[in-house]
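Presented sequentially are two complexes of chain A, the first with chain B as partner and the second with chain C.
Presenting the complex of A and B:
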């Protein structure tokens, strides 16, 4: 058996699997997005832009996603950066690994259960009941944009900390010493050396979190209570409740296109700033 | 600085801790802390719906993690020796599989498979011998395993490839200089070195599949996985039973994740 045949045989199962379970389904979605809704609930194949013309009907979902996703990403960044800085620069090396693992591990556990924890905390018998007890009455937390934002920060904080930690950890500590030897104040050293050198990490973290947030369904569904809904919630509604496959496909295609455009523009901007994206594995 | 770090760790772990704490609470509500009890665990484990969902989840997670680690490792090994368009195509596929939101993967798999099944079912019925009930393809455990395997395969390829790239190339060269067959080199040199990565990939895949809600929500047909069961129970209201199930799910994932982490680190040191 030659090298070539062997490699082909090794690639065959994965290749077939990707073809049947990824390429064909995505193509079907793309084709259906130009179709029409059949009276029976299926799709009549056609070539019409009617579904795309109808997109403004779901404008609110896109608007919510495109406001809460950036706000969530920025809030996660603001909370994550000092922690990443602490882990990379200040923490005792003996404890570093374990502290890092403790940050990452929650990210790989069930987002469903972790969001549920916030229902439990923010719901009527959680923090509001506690506030009631100390005299602050009538606070409603669950089913508000605030609850969704809390869920987002809680869910995605670990993903933000890790890439920033990696870029800060690689930073040559002698640069910091040199800076302070030359008489720079700590905040100046931070602004002129540490922060610029950690931009690749910030960029990677923000992109990872932002991409995942754009497709989010669970957090708004559980903590937004139908009032704060994302594109993901619109998609579930269109496919599982109203069974409008043609329109749903158009919404799904639009989501992916918006995502690709955002990521491309973002990468261009970063390249212009002179920072190169680095590959950071999360585990 | 240190204080800030402590606050963030509290933020990360208090909600999980609260769930675990109240899963052992005898009272029904958070406001009724009534002492230690394991009755909610008993109630959850005696609920036939929970057990059913748990079995489905475990079966799906095991099968898809197994398929994903085998086929993903095969692909990663082959990609090591390939350049050109095939390599580019595979890199693109892996990128797409990881980048596309889970919800879009779920939707695409649902309508893609339903469309294909609608075409295939009459065909199967037509060629099936008379007098026998022809099998009917439909959404269910099979489609769920297939969908999870696709996504997890990409993950395994990434993990195993990282290990292969970090491997000392002179070892495989020495092995073939000493007249080992390619298969012998693979079995005696490459495989033992990448095995921790494969095992870590398996454990991560298992956790991923076990915890996945959104793909299963679309693809599972009439099957109910544990996350789907929990989601619909939450919709009906918060109960201590969910706290108990949640604590068990978190416990199992934590155990698997820490094992995977240790495997990746230990293996990483060895190959350096």
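Presenting the complex of A and C:
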């Protein structure tokens, strides 16, 4: 067996998977998006841009997604970073494994059930009742954008913690000692050594969370009470309720395009940040 | 193999959820997640004890797949069916008629029996997705026992495609404790009070048929209207009301039960369940009208186990079996033979069997109401507004 055939054979399973489960379905969706809705639902193939022209009708869904996805990602980052830092740098090695397991534990239960738990926590007999008891009256949490944000941060936090933890854990502690020996104050060491070196972890975490959030559907459906509408929810409605597959396909293609653009811009920014960081370190 | 493991987890999930909420999951409850099929509960295949022993697996095969609505059967009946025939019943639970139609349109579903609502049957016939029924294979079906009002949608162009299961109405449930002990009597009042003292306490269905229908009713228009000007009025009202809504959901029992919501569009079976547990919640029919519906048993063309499908429908049509069904789910039946076997408490229940003058203004949903693209798009605009 030549080296070349072996490579092909090794790639074949993944390649076939991508072809059958990704490339072909995406092509179908792309073709559908130029079609028309069949009279009682479904799609009639055609070549029209009508579906794309109608996209503004889902502007609110895109707006909600493009607002709450970045806010959710940033909030998760702000909460996850200190936690990951503590786990990687400060935590007693004896407890580290246990603490890490504790971060994963929520994943042992379906996100669906955990989101249901939030319905009760944020509902009238949950946190608002507690607030009422201490004198803060009339707080309504469930079925608001805030509730959706809470659910998002809660659900996605571990995905943010782990990449950051890994990059901080690998950090060469001698660099910190060197920095301190050279007279840098702790906050300066953090800003000039720790933070820049953990950027790959931050970048991976943000990317993971952001991409998944762009397609989020369950959390807004459960905690937004059907009033906080994401593109994912719009898609489910289009395919399963109004059965307008052509329009649904156009919205799906648009979501993929928006996501590709956002991620490309994000990668560019990161590269530039990486480049400028090198400049700084040379100085 | 993986499929079965998958099914078990779904079943466990459903059971947990159901016991957690004390059976508060609604009929056609649109958990939203059902859209992804997550809540598809599968019985039978997951329980080894229900699998037939080879000795009994005779003519009809070893299983039959039923696509139906949540909390709509007595599981003991399925066990009895398995014992009698050797075929275990695998149940898939659905959220909306649209979803069922979408699944059947998309191709093979593996279903043998499903439960379409009156207004969908015409479309299934048009799309050639539904099997005409051979009554000789349904000896327990007695057409004369059924009130025609709830049976006629099962026939299209004189051909029988579906036999009646249960019927009910779509009204509203109101927690009278928040309205000085008074219920609400009309759809106009429903929307007026939502904009006023019930602000943030009202729910409408995540279902275009009933939500748009109720808005149309409040103007005195037909529940089924597809008239552009009338739909425009309904849209204006719904968008005006949206900031005052607690939620847009068909899973409205939890909100009503925990007190977050005080008013909701409601199917009669849910109304009965809510009223039984919390007497201050009243189920009322809008004075202007509303929906009356009838569900049917039917066989999809794509079924590969038609003998088993007929056997299951025939079994469930048996008045004694059907009586057990009604006692379990609490929806009225149009079968006079079954009605005769029900206890008086159910036969005299005003929620299950409302007075005729209240039923008169109600309308059956029309096929065009379900498929009208303008109504679907209106609902989507309302939700994303």
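Here, the second predicted complex is superposed on the first by the 246 of 283 C-alpha atoms of A that agree within 3 Å, B and C clash if a C-alpha of one lies under 4 Å from a C-alpha of the other, contacts with A are read in each partner's own complex, and residues count from 1 in each chain.
Please note the rule applied: contacts are C-beta pairs under 8 Å (C-beta built on N, C-alpha and C of every residue); 3 or more make two chains touch, one makes a residue touch a chain.
If you're wondering where the values come from, they're calculated on a predicted model, not measured in any experiment.
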item: Partner chain in contact with A:113 - chain B first, chain C second, else both or neither; value: both
item: Partner, of chain C and chain B, that touches more residues belonging to chain A; value: B
item: Which of chain B and chain C A:222 touches, first, second, both or neither; value: both
item: Which superposed partner A:105 touches (first chain B, second chain C, both, neither); value: first
item: Chain B versus chain C as contact partner of A:61, first or second or both or neither; value: second
item: Which of chain B and chain C A:156 touches, first, second, both or neither; value: neither
item: Which of chain B and chain C A:40 touches, first, second, both or neither; value: second
item: Contacts of A:211 with chain B and chain C, given as first, second, both or neither; value: first
item: Contacts of A:165 with chain B and chain C, given as first, second, both or neither; value: neither
item: Partner chain(s) touched by A:243 [first = chain B, second = chain C, both, neither]; value: second
item: Chain B and chain C footprints on chain A, overlapping residues; value: 110, 112-113, 116, 119-120, 123, 125, 217-218, 222, 236, 239-240
item: Contact footprint of chain B on chain A as seen in their complex; value: 3, 6-8, 10-11, 13-15, 17-18, 20-29, 32, 79, 82-83, 85-87, 90-91, 97, 99, 101-103, 105-106, 108-114, 116-121, 123, 125-126, 129, 154, 157-158, 211-212, 214-215, 217-218, 222, 232, 235-236, 239-240, 245, 248-249, 252, 255-256, 259, 281, 283
item: Residues on chain C engaged by chain A in the complex (per definition of touch); value: 13, 16-17, 32-33, 35-36, 38, 96, 98-99, 101-102, 105, 123, 126-127, 200, 206-208, 242, 245-249, 254-255, 258-260, 371, 373, 376-377, 379-381, 383-385
item: In the complex, chain A residues that touch chain C; value: 37, 39-42, 57-61, 110, 112-113, 116, 119-120, 123-125, 140, 142-143, 217-218, 221-222, 225-227, 229, 233-234, 236-244
item: Sites on chain B touched by chain A in the complex; value: 1-2, 4-5, 8-9, 11-13, 15-16, 18-19, 22, 29-31, 70-72, 74-75, 77-79, 81-82, 86, 90, 93, 96-97, 99-105, 107-113, 115-116, 146-147, 149-150, 153, 157-159, 162, 182, 200, 204, 207-208, 211, 213-214, 217-218, 227, 230-231, 234, 238, 242-243, 246, 249-250, 253-254, 257-258, 260-261, 264-265
